[in-house]
Each structure stands twice: as C-alpha cells, then as structure tokens.
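Each structure below is given as structure tokens.
Below are two complexes that have chain A in common, paired first with chain B and then with chain C.
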Partner chain A sequence: MPHHEFDCSKVIPERKQHAVVKGEGEDLTSCLPKGYLNTIPGSISERGCAYCGAKHVIGTPMKDVIHISHGPVGCTYDTWQTKRYISDNNNFQLKYTFATDVKEKHIVFGAESLLKQNIHEAFDAFPEIKRMTIYQTCATALIGDDINAVADEVMAERPDVDIFVCNSPGFAGPSQSGGHHKINIAWLNQKVGTVEPEITSDYVINYVGEYNIQGDQEVMQDYFKRMGIQVLSTFTGNGSYDELRGMHRAHLNVLECARSAEYICDELRARYGIPRLDIDGFGFKALGDSLRKIGLFFGIEDRAEAIIAAETARWKPELDFYAARLQGKRVCLWPGGSKLWHWANAIQEEMGVKVVSVYTKFGHQGDMEKGIARAGVGTLAIDDPNELEGQEALLRLKPDVIFTGKRPGEVAKKMRVPYLNAHAYHNGPYKGFEGWVRFARDIYNAVYSPMHQLSGIDISKDDYATDKGFVTRRMLSDATLPEADRASPLTGYTGKFDPIAALRAKTEADYPEFARKTSTQAAE
Partner chain B sequence: MNCEVKVKDRIGTINPIFTCQPAGAQYVSIGVKDCIGLVHGGQGCVMFVRLLISQHLKESFEIASSSLHEDGAVFGACGRVEEGVDVLLARYPHLKVIPIISTCSTEVIGDDIDGVITKLEEGLLAEKYPDREVHLLPIHTPSFVGSMVSGYDVAVRDFVKKFARKGPSNGKINFITGWVNPGDVTELKSLLAEMQIDATVLFEIESFDSPIMPDGSEVSHGNTTIEDLVSTGSATHTFALNRYEGGKAAQFLEKKFKIPSIVGPTPIGIRNTDALLKKLSEATGKPIPASLVRKRGVALDAITDLAHMFLADKKVAIYGNADLVIGLAEFCLDLEMKPQLLLLGDDNSAYVNDPRIKALQEHVDYPMEIVTNADFWDLEDRIKNKGLELDLILGHSKGRFVSIDYDIPMVRVGFPTYDRAGLYRYPVVGYGGATWLAEQMANALFTDMEHKKRKEWLLNVW
Partner chain C sequence: MAGFKKEKPSARANYPKLHASDPLAGFDAATREKVSEMETYIMKNCLWQFNSRGWDRRKQNEGILGKTAQLLVGEEVQNETPLDKCYWVDAVLLSRAFREHCVWLAGMGKDEVLALLKILHARIDWLTIDGSLNEELTVQNY
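Let's turn to the complex of A and B:
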C-alpha cells in the first residue's frame, strides 16, 4: 500500500492512512486512502459542518424561498454571501437570509415560540414569497425544539405557504457531507410528490446535483432545452421549490455532483422507478458524451450531435489556443468533493494540464476511487487534508497552479503558487463548451501572469533584466512554443464578460419546436 | 427629542449585521504571536470564520477546531479538546498559546473547558511537554450571548487576565486598539511615535498586510507577544480606544492592578483624534509635537476642500460595530453631514446609556434614529417601504445589496470589507483616517453624480 506519510503528520500516525501516491502499475486495489472518517481535533482540517452542507451547499441555491436558520445569528451570517450561486429571480436567495436569533433565555426556556413568531415576521416582510426552508443548528438541536411541529402549525394558520424543515445540526457527521445526505432524504420524504407538475415534453428530466455556480445550470439548461427536453426541476441551483416538489414525474434523473446529491437520485429510483444517469458538464469530451447519453436514453441522439457539432466548431479553436500553451503545466487539484474527479482527467486530456495532486475535504472513498482512477502515476491523493500537509505538499510538488478554496488560495499565494477558485470559480461559468474555454482562459491567465513572474525576483540578489517596460502573457507563454502554434491568429477567448445575460434574454421562440409524439406513440 | 434610541421592533433577524461571539475571540487570537486558537464546537464555527477573516484581510492564518461530531454532542466532548491541544503542540513547535474558545453547542452540553485546562496542565503538559512554554486559557463565547463585538471584548479581557503580572512600572501605556485594520494600527503607531510614547499595542495585527516574498516564505501573523501581555500588568495607564472592544480588559487592569484606564474616544475624525492626543499627553506628560499640528493641518486642508461644498447636509446611514458607528456619526456631524440612521447590530443594553449617544440625543436638531439589535432589514425596510432617503451608506460589505439594489452610494468601512480592494490597508482612525474617510465619501458621491447624471457637470470646475 503506497501510503504517503507527511513529515508534519508523523505525530498523528492515523493520518498516514489518508494519503497515497499512485505508483506505476497501481490501481484502486492497492492505493486508496481512507475517507469520510471523523476529523482529528486540532489538525486544522478544512472541513465545514453538517449544517453548512445542508443549508449553505444544497438548500440555499433554491431561489424562491425564505431560508431561515433556527439558532443564534452566527450560523446564518457566516453562510451568507460566501457563494456564487446565482438565480434568475434577481438573486433573492443570495441576498436575503434569516435567523431566528436564539439568545440565552431561549436556550433555557425553549425557542419554539420564537421560531413561530420569526416565521410569521419573515412571510410578512416578503409577502410575495410563499415558501420557506427551516434549518436546525447545533444549539436548537441540543435544546430539542420540535421544528416540524411549529412548521405544521404555521402551515395550518397560513394555508398559502409551504415550509420544509431540515434537521441537520453542525455536529451531525464528520463534515458537510453529512448535511448533504440529510437534506436529500428530508426533501424526498417531506416534499417530493406533493405537487403535480405540468408535463410539456416527451422527454422530462430532473437536473440533480447542480448549483448554478456563476450560471452553470443556466448553460446546461440551455442545451437541454435546445434538445427539446423539459427540465422539470433542478436540485437545487436556480431551482424552484414547487418544481422540486414535482420531481417524481421525471423520466430521468440527470446527476451532476454525485457526492452531494446521489442520495435523492437513488431514492427516486427506488421509490418512483426513475433511472439515474450520471453526467458531467465539464470538458468537451465529457460534456459531449453526457449530452449523447441523454440523447440515447430518449432516442434523440441527433439533437445532441447537432449541439455538440455547433458548439465544438465555435469554441474548440479557442480551447486549443490555450491547450497549446498549457501543455505540461502541473496543478494541485484541491477542491471540496466531486470536482477532483470531474476535472482530473478532462484538464489533462483537453488542456494538457497535469494533475500532480488531488484532495478532497468532504468526499468519500468513492470520490477518491474515481479521482485516483482518472489521475496519472505519481499523483498524491489526500483525504481531509490539513493546513501543514497542504503546505508540505506544495513545497514538495511545486505546482504551476492550484485549484482550491479562497482561504487555502491565500496560503498558496504567499508560497507563490497562482490560485483559481475551485468552488466559486474565478470568471465562470465553467460548465458548457464556452465555459470550459473560460476555465482554460483563467488557468492561462493565472499561470502566465507577468506579476507572478515578477514576484519570484529578488531584486537584492538576482541579476534581472531591465530591457523591457512590460511583458505580456503571450510573450511568456509563447517563448518556447513551436512556430506553428506561435503563429496562431487567435488571441484567446472571445466571449463576453457575462455570458449568462444572453441566455436569460432568450424566449421560447428562440428554441426549436419539436412535435410531441401522439399519446399512442408515447405509450409504445 | 429628535434623536430616538429604539430596539428593533421585530424578534427575528433578516440579514444580520454581526456574526456571533466566537468570531470576535478568533479575531483577537490571530493578533497574538505563537498562538493558535482551538474553537470547541462544530467545524463550521471555525471554517467560516477563517473564510470571513481571510476574505477581509486577503491573508491566511491558523485557527483550529475540536471538530465536535455527534458522539461528542451526546456524551460530552472534553476529550476532543485534550486531543486537539496535543495535536497542535505536537505539530506546531513554535506554538506557545492556545486559547480554548467555546461555542453555543459546547456551552449547551456543558463541557467544562476550565476543568479540561487544569487537567491538561497537570497531565499532558507536565508529562509530554515538560520543557515547553505552553499557556492554555479558556474563553467562554457562547453564540447565543452578545455578538462578535462582545466576543472580541471578552477575549481581550481573558488574554490580559491570563497573562498580566504586576512588576515594577515598565513606563509604557497599554494601548488596546479594538477591532481595527492593519492600516489603523499603522496610523495609531505613528501617532504614538510622534508623541514619543512607549506603548504596548494590543492586539497587534499590522503585519497582516504582508508581502509575497521571492522565496515564498512569508507567513502572516499577529505581533502581540506573551511578554507584551505579561507586561500589561506593569503599565502606567491603559487606553482602550473602543469602549465595547477592549473596555472590559481596561476595567480588569484597573481593578486588579490599579492601572488607571482611559476608555475612548474612538479616534475617528479630527475632534476625536484631538481628544485622544490630549488624553495621551495628560497621562504621559509628553507634549503634542509640532509635527502632529502639521499632520492635523494636512488633514484639515484636505477636508476643507470637501466639507461645506460637497458633504454638508448629505444624509447618511451607518451600521456596524457600535464604537465605529458612533465615531463615524460624530465625524459626519463635524463634516456638516446628517446621519439619519445608526444601526448597532446587537442587544448590548449599555448602548442606550453611552454618553456619546446621550450627546447625540441632546444636540441633533433633525430626526435621527438609533436602532439596537438591528439587522439590515431595519435599513432596507425604511428605504423600501418607509420613505427614508439617503445620499450615502457607511458600513461593511454584508450590506452591499442595499446599496446596489437601491442605487445608494456606499463607502465600505468596518469589518468585513471583502468586496473592495485593499481597504484593510487604510486607516479610519487618526488624522490620516479622517482624510481618507472624507475623501472616500466625497469620491463616492462624485461617482454617483456621474453615474446618475445628477449635476454631473459640477466637477468641471473645482
């Protein structure tokens, strides 16, 4: 077993089981770190809590909802405005957050009447919003407030509102992943099947495990609509509460982030017989294959092929411009959960960026299986990494760029490793064909930043050139490039700063109209 | 009376202005050298606070969690504090101070962190680390009491309480800055240097404005040392600039060691800076030097270009930490502006008796509202539904959408200010801060005039 022992973690021997280096000829039977175990106290892990996994990751992207946390104000404040999951209703869920503001007296005497009053106040403040999610926190879980009972009371008093309750306190699990699970199952148990949706297409999907980071969902939804597919609901990015109550009527669950949302797909399969199809919106090949698979499922492959052909023709040359200049660049791919396997192979195959390390904060062994299988020999894989291990790995691996979260990105900055935000993206969306070019562009901009080059010069010691008043990215990236590539007439990405605005401006008339099958044909 | 002080008239919070107590204690902890706080609670209580502070400072730093999981919540989690302390000491050889910071969950389950510390001191530290200088201290910051502001206040007191020792007078003053930015510390230290006053600055976060070095070796850290903290017991005076962010420590030192304390003024604006310098001069016998007369003059020169021509009568709403909000309101009044609404984001019952608030009530000659336990809905609801008209908002980044959606210019000030570049580098205190604030406000108004094409031609001549 090629476990990797960090020097900084020799004093906590169990950590050795959580890191491996993939060796020559090795596969998953011989190199898989342990995963999703309790965190070692004081290790300075990067994990969050089960409350944030439920509320912050999965609950809040739902757009037409009052999201209220039952607890002291901090949980709410801390998980507010730290994500880039936008929505097409002027970002209501991003702008407004609600806390019941539990104080000491409530801890002593109970906070159920406080909660009830809060619910009324919130609905009164936003009369146009009729849906609410309530999230339990550590404090209110421990004092044992019956949130469901309060919600039922309010729904009886206000028949036009509907309330979802998520009991996932911060301590409920080793990481945010515990909360993903809890909210998946809670939504299914409480809400799926309570609304009958209108079916407008012969091909009906739920788009699951997609959070509309910088507009990802809207990009993908556009492809689906161009294929004549009805997206019944999105769980949960840019998703609508009532649409998600009708998930049971889809023909297919198209699953993006399996880490956070496979639970609901698996249960929808068990309870309603809806098949699950795992897809991948990142990378030309993976995305193309995904659209093909969906097309194949419904017997409309031609529609998928038409989109793939058009998008590839439009964007592939620009991707290739970057790919030629990113060959051999080494990356530490250190996201939260599923992106380690969504990206591992695709960036290598399509941009030539070599993954030298993957890590996952809250992933399970299954995520590592996929990540390690897709990564090359020599890749260092770390489960539940901590501060010192991250620094040691960066010193050892000396990557050209790192994809990780904001705060670890600051650590990398000091160590002179350019960083891209793997969770919120730098200038996304990154899904879709155009999005993948945007990702390549952001990597290129990070790696070839003239400022990055300057930051490595010690003016007190080094002999440095003074013959140039400026250096462009192109001067740096093309210095060692073959003549043919250098001569490219392209200059990189030509899309807009905000590609989502154009998608939102589209009307039904902008989408092709496909004839519905007759009911007999459909029955066959 | 034109100026009314009221408590928010709703029970719940829509868009909170503050986070909870442990965040304040964590902010204090990063100001101490060779210190890593261990927050006893769920992981989110640390992960998000680190994210928040790192967004503000654009830096990283270490804070640890005891990682409370389900078993600990049910059976008690003191063992996780013991393990956490051991893991931290074993892996961070330079580490000397570990504050154990409680949260709502571990206060509710009743974990005895004071008892754990005694146990660790007698057991782990004596047995495994006998030759190592290690200090553990409990900081009780249940999230259902107070706010991040009181958490800061409590933590400053507890650090001082832990370390302060009475020795022969060190001839220095204690200088507790309150919750400020690296740029504020630089400005304050320059005032002290001009006055030739030797001071122990608590908690010293100046070097969180730190470089990328060519060898990639730079690590940001606080500069308040154990020696600094010990010596607070031997100081001649304690200056706590912010009543609610260090006032408790000043009281403690006065009571325990008979060190006279001077609480306030928050040195925002010319007048408050003048007052601080005078108090410093009175306490130390050091004269205010001609260099500060000049520096003050430079600030007044800049502000005179702005105040009665552009800033006068501008209506402003201010929210955030109480000392900051009050200081800004006072400065705005000196600038001939009209603060309309002051939002203080927690339920501290002392605010209503604050002499500065009493003075506002006595002298403001137009309608002004001061709301305690306030949230952002107290601001937005007044704008959206109750006819509040504003020319400017002063406050931190969490209120950004009020400014964006209602198209009201806003100057970012306070904590956090992650949505504007580099603000941690600039002071709002001292003469330098007065200049910077006045110019930021003026430039925000100028940009707004051009953006809305409202007398945008005005600045053709200035």
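Let's turn to the complex of A and C:
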C-alpha cells in the first residue's frame, strides 16, 4: 500500500493510513486510504457534525419549510445560509432560520415546553408556511427531549400543518455523512408515501442528491422539462416538502450526489422497486451521457440528443477558449465528498488541467475508490485531512489552484494559492453545459488573476517594477499560448451574469408539448 | 413494483467471494491489454460499478456487463423489469463507447467477444468487490 506519511502528522501515526499516492500500476486493490472513521484525537479535522450534515446539507434546501433547530442558537448560526442553495420562492429557507435558543436552565429543567412555544411562534409569524422540519442537536438529545411527542401535539392542535422530525444530533456519526444517512432514512420512514402526487407525464423522475447550488437544479430541471419529463421531486434543492412526500410514485430515481443521498435511492429501490440511475451533471461528455441514459430509459433518446447538440454547439467553443489556456495547470481537488469524483476526470479531459491531489472531508472509502479510479498516476489522495496536512501538501505539490471549501480555502489564499469554492461555487451554477463554461471561466480567473502576483509583493521591502503598468489576465494567460490559439476568434464566456432568471421566467408554453401515451401504449 | 425481491440484510451481506486473486493475471499480454483498455474506460467514465455494498456491486456488474456483452454480439436483450431496463441503459452507453474506443472489437468473433467480456467482468468484480480494500462493502444495511 503506497501510504503517505505527512511530516506534520508523524506524532499521529494512525494518520498514515488515511493518505495514499497512486503509483504506476496501482489499482483499487492496492491503493485506498481508510475512510469514514472517527477523527483521530489530536488531528484537528475540517469535518462538520452529523447535525450539520442532516440540516445544512440536506434538510435546509427544502424551500417551503420552517427549519427549526432544537438546541443552542450557535448550532443554528453555524448552519445558516453559508451554502448558496437558492430557491424559486424568494429564498425563504435561506433568509429565515429558527432556533429554540436552549440555555443552561433548559438543560436542567427540560426544553420540550420551550420547543412547543417556539413551534407555535414560528407558524404564527409565517402563516403562509405550513410545513416544518425540527432538527435535534447534541444538547437536547442528551437531556432526552421527546421531539416527536411535541410535534404530534402541535399537529393535533394545528391540523393544517405537517412536521418532520430529524433526529440526528451532532454526535450521531463520525462526520456530517452520518447526518446525511439519518435524514435520508428518516424522511423515507416518516414522510414518503403520505401524499399522492399528480402525475402529468409518462416519464416521471425523482432528481435525488441535488441541492440547487446557485441554480444547478433549475438548469437540470430545464433540460428534463425540455425532454417532456416530470420531475416529481428534487431531493432536496429547490424541493418542496409535499412533493418529496410523493417520491414513491416516480418511475426512476436519477441520482447525482451518491455520497449524500444514495441511501434514499437504495431504499426506494428496495421498498418500491424504483430503479436508481447514477448520473454526472458536470462536464460535456458526462452530462451528455447522463441525458442520453435517462432518454434511453424512457425511450425518448432523440429528445436528449436534440438538447445535447444544441447546447454543445452553443457552449463548446467557449469551453475550448479556456481549455487552451488551462493546459497542464495543477489542481488540488479538495471538496467535501462527491465532487472529487464528479470532477476528477472531467476537468482533466475537457479543460486540460492536471489533478495532483484529491481529498475528502467526510467521504467514505467508496468515494475515494471513485476519485482514485478517475485520477492519474502520482495523485495524492487524503481522507479527513487536518489543516497542517493541507498546508504541507500545498507546499509540496505547488498547485496553481485549489477547489475546496471556504475554511481551507482561506488558508490556501494566505499561502497565495488561488482558491475556488467547490461547495457553494464562486460564480455558478456549474452544472449544465453553460455552467461548465462558467466553471472554466472561474478557474481561468483564479489562475490568472494579477491579484495573486501582486499579493506576493511586500511593498515595504521588496524590489518591484515601478515602470510597468498593470498586467491583465489575458497578458498572463496568452504569453506562452501557441500562435494558432492566440489567433483564434474564440472568446471566453458570453452568457449572462445571472442565467437562472431566464429559466424562472419560462412558462409551460415555452416547453414543447408531447402527446401522452394511450393506456395501450403505456402497457407495452 | 414487479421484479424486485427484498432480501434479508444479513443474507445479502454474506455474499460469497468469487475470486481469490486477480483473474486477469494468468492471461496473455494481448488479452490483458484489451481488458485494460475497457477497464480504464469504465473506471474513468462510469459510476455503476461503485454502489456502496458488495452484494449490490455484484448485481450491478453482472447486470450491466452481461447486457453489454449481449449488445456487443448482437443478441436480443430482455428487459423484464424497470431494474433490468436500468442495467440496459448503462449497457447501451458502454457498448457504444467500447465500439468507438476499442476498434479491435470489430475484428473479433462472437465467441471471442463473449470470452473477453467474461474476463472483463471477472476483473471488474475483482477490483470492486473481491479484491477491494473498501471495508464498508459488507455492511448489512445501506
């Protein structure tokens, strides 16, 4: 096993099991770090907790819901709106967050009455919202508050409301991934099957593991609607509480982030026989293949091909502009979980960058299998890294850019490594054909921004040129470009600052109308 | 929905091992090269081989690679259940990719293709199940 031992972690010898370098001839039977284990004492992890995984990642993107944390206000603040999962109802779930504000006296005397009071106050304050999710936290779990009983009482008193209880306190798993699992299964057990949805198409999917970061879900939903597919629910980005109660009536579960949402897909398959189809919404080839697969499943591949052809013709030249300028740029691909495998191959194949390291904060060994399989020889793969390891890796690998979360991202910036937000994006959406060009544009801007050169100059000490003007990113990126690429009429991204507004402005009349099958055709 | 038998978690987690060592090891260099090309395409572009549990991977590999072999030799594929259809969807994409990237397939006879796909199937089972270092493959529940 080609383990990698960080100098900074020699005092924590167990850490050696959590990092590998993919060598020539290595495969998954000889090269895989440990994963999804409790963080080793002494290693300052960058992980979140199981409450955060349940609420922040999966629960809160549901848009028409009062999301209330039963616990100290700090838990709520830490999970409030730091991820840009927007929604088409004026971002209700981003703008408002609720907590019961548990304090020491409640720990002594109990907090159930406080919870009940808060639930009523929240429903009274927002009378148009009739749905609520209550999240357990460490403090209220430890004192044994019975949230389900309180929720039942309120639902009896207010027959027009419905409440979902998510019992995933922070300590309920090694990382946020434990919370993903708990909320998946809890939603399935408590809510799926409690609403019968209206079926409006012969082709009905649940779009699962998609969180509408800066509009990703809305981009993909537009493709599906152009194919005549009904998106019965999205789990959970821009998703509606009641639509998600009807997941059991879909014909197919289309799974994007298997790390956070494979559990509900697998259980929907086991309990309702709905198949699971894994897709990649990132990258021209992967996205094209994904739309083709869904089209094939329903016998409407021609509709997928029409979209792929139109979108590729529109956006591929602009992707090529960036790809010519990003060849060989070294990337540390350090996201939370699924993007390490969603992006590892696509950015190398379609943008020409070189992935020199992958890491995951909360991924399992299965995620590392996918990531290592898609990465090249020499890639350093790290599970649950601590900050010192991250710094040591950056010094050793000297990447041109790092894709990661905002906490390690700020560390990278201080080390003068450009950083792109892999979780909430910089200028997303990044899904879809246009989105992939926006991602390439952001990478290009990160790598070539003159700010990074200027930031290395200490004007009180260093010699620096005073007779030269400000360099532009084009001067930096095109200096060594082959003549043919420099002479090419291709330009970078020409889309709008906000591509989502146009999608939201669409009406049903803007989508093609496909005739429904007759009952005889459907039976065949 | 028809076609799905619910299994007991403990039973499905105790799936038998099919390969104790790399099944590709004993083959000649030309065969290894061909299987390697197909394996690389799968590993770089596909996700179906990485469902989270070993018993599930066994079904995925068998369903998709079995149908891929049928498609490559022109056999009719039966899709009796939605799950079968889901395997078939991935198999169609994979067979198209193999035809495009592995041009030598066109010069092989039906039996040769089937034999090669059998070796590929064994190799993917080895990488993702029997030789895998993933300690979560035998967890009983999802």
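In this text, the second predicted complex is superposed on the first by the 509 of 524 C-alpha atoms of A that agree within 3 Å, B and C clash if a C-alpha of one lies under 4 Å from a C-alpha of the other, contacts with A are read in each partner's own complex, and residues count from 1 in each chain.
Everything below uses one rule, namely that a residue touches a chain if its C-beta (ideal position, glycine included) is under 8 Å from a C-beta of that chain, and two chains touch if they have at least 3 such contacts.
Here the structure is a predicted model, which is why all the values come from computation and not from measurement.
Q: Can A:Thr507 be said to touch chain B (first), chain C (second), both, or neither?
A: neither
Q: When the two structures are overlaid on chain A, which partner does A:Val102 contact: first (chain B), second (chain C), both, or neither?
A: A:Val102: touches chain B, not chain C.
Q: Could you look at A:Asp266 and tell me whether it touches chain B, chain C, both or neither (first, second, both, neither)?
A: Touch status of A:Asp266: second partner only.
Q: Taking the superposition as given, does A:Ile143 touch the first partner, chain B, the second, chain C, both, or neither?
A: After superposition on chain A, A:Ile143 lies in contact with chain B alone.
Q: Specify the partner with more touching residues on chain A, choosing between chain B and chain C.
A: B
Q: Looking at the overlay, does A:Gly170 come into contact with chain B only (first), chain C only (second), both, or neither?
A: Touch partner of A:Gly170: chain B, not chain C.
Q: Could you tell me if A:Thr518 is touching chain B, chain C, both of them or neither one (first, second, both, neither)?
A: A:Thr518 sits against neither chain B nor chain C.
Q: Counting contacts the way the document defines them, which residues of chain A are shared by the two interfaces, the one with chain B and the one with chain C?
A: Residues common to the chain A contacts of chain C and of chain B do not exist here, since the sets are disjoint.
Q: Which stretch or stretches of chain A touch chain B in the complex?
A: 8-9, 11-12, 38-52, 68, 71-82, 95-104, 106-107, 114, 117-118, 121-122, 125, 137-139, 141-143, 169-176, 387-388, 405-408, 410-411, 413-417, 455-458, 462
Q: Using the touch definition up top, name the residues of chain B that touch chain A in the complex.
A: The contact residues of chain B facing chain A are 10-16, 18-23, 36, 38, 41-45, 47-52, 54-55, 58-60, 62-70, 72-73, 80-81, 83-88, 90-92, 103-105, 108-109, 142-145, 147-148, 210, 212-216, 218-220, 347, 377, 381, 397-398, 400-401, 405.
Q: Applying the document's contact rule, which stretches of chain C touch chain A when the two form their complex?
A: Checking each residue of chain C against chain A gives 1-4, 6, 22, 43-45, 47-48, 50-52, 56, 81-83, 85-86, 88-90, 92-93, 126-128, 131-136, 142.
Q: Under the stated contact criterion, what part of chain A meets chain C in this complex?
A: Residues in contact with chain C: 27-30, 32, 34, 36, 251-252, 258, 262-263, 266-267, 269-280, 285-286, 289, 292-293, 296-297, 341, 345, 349, 364-366, 369-370, 373-374.
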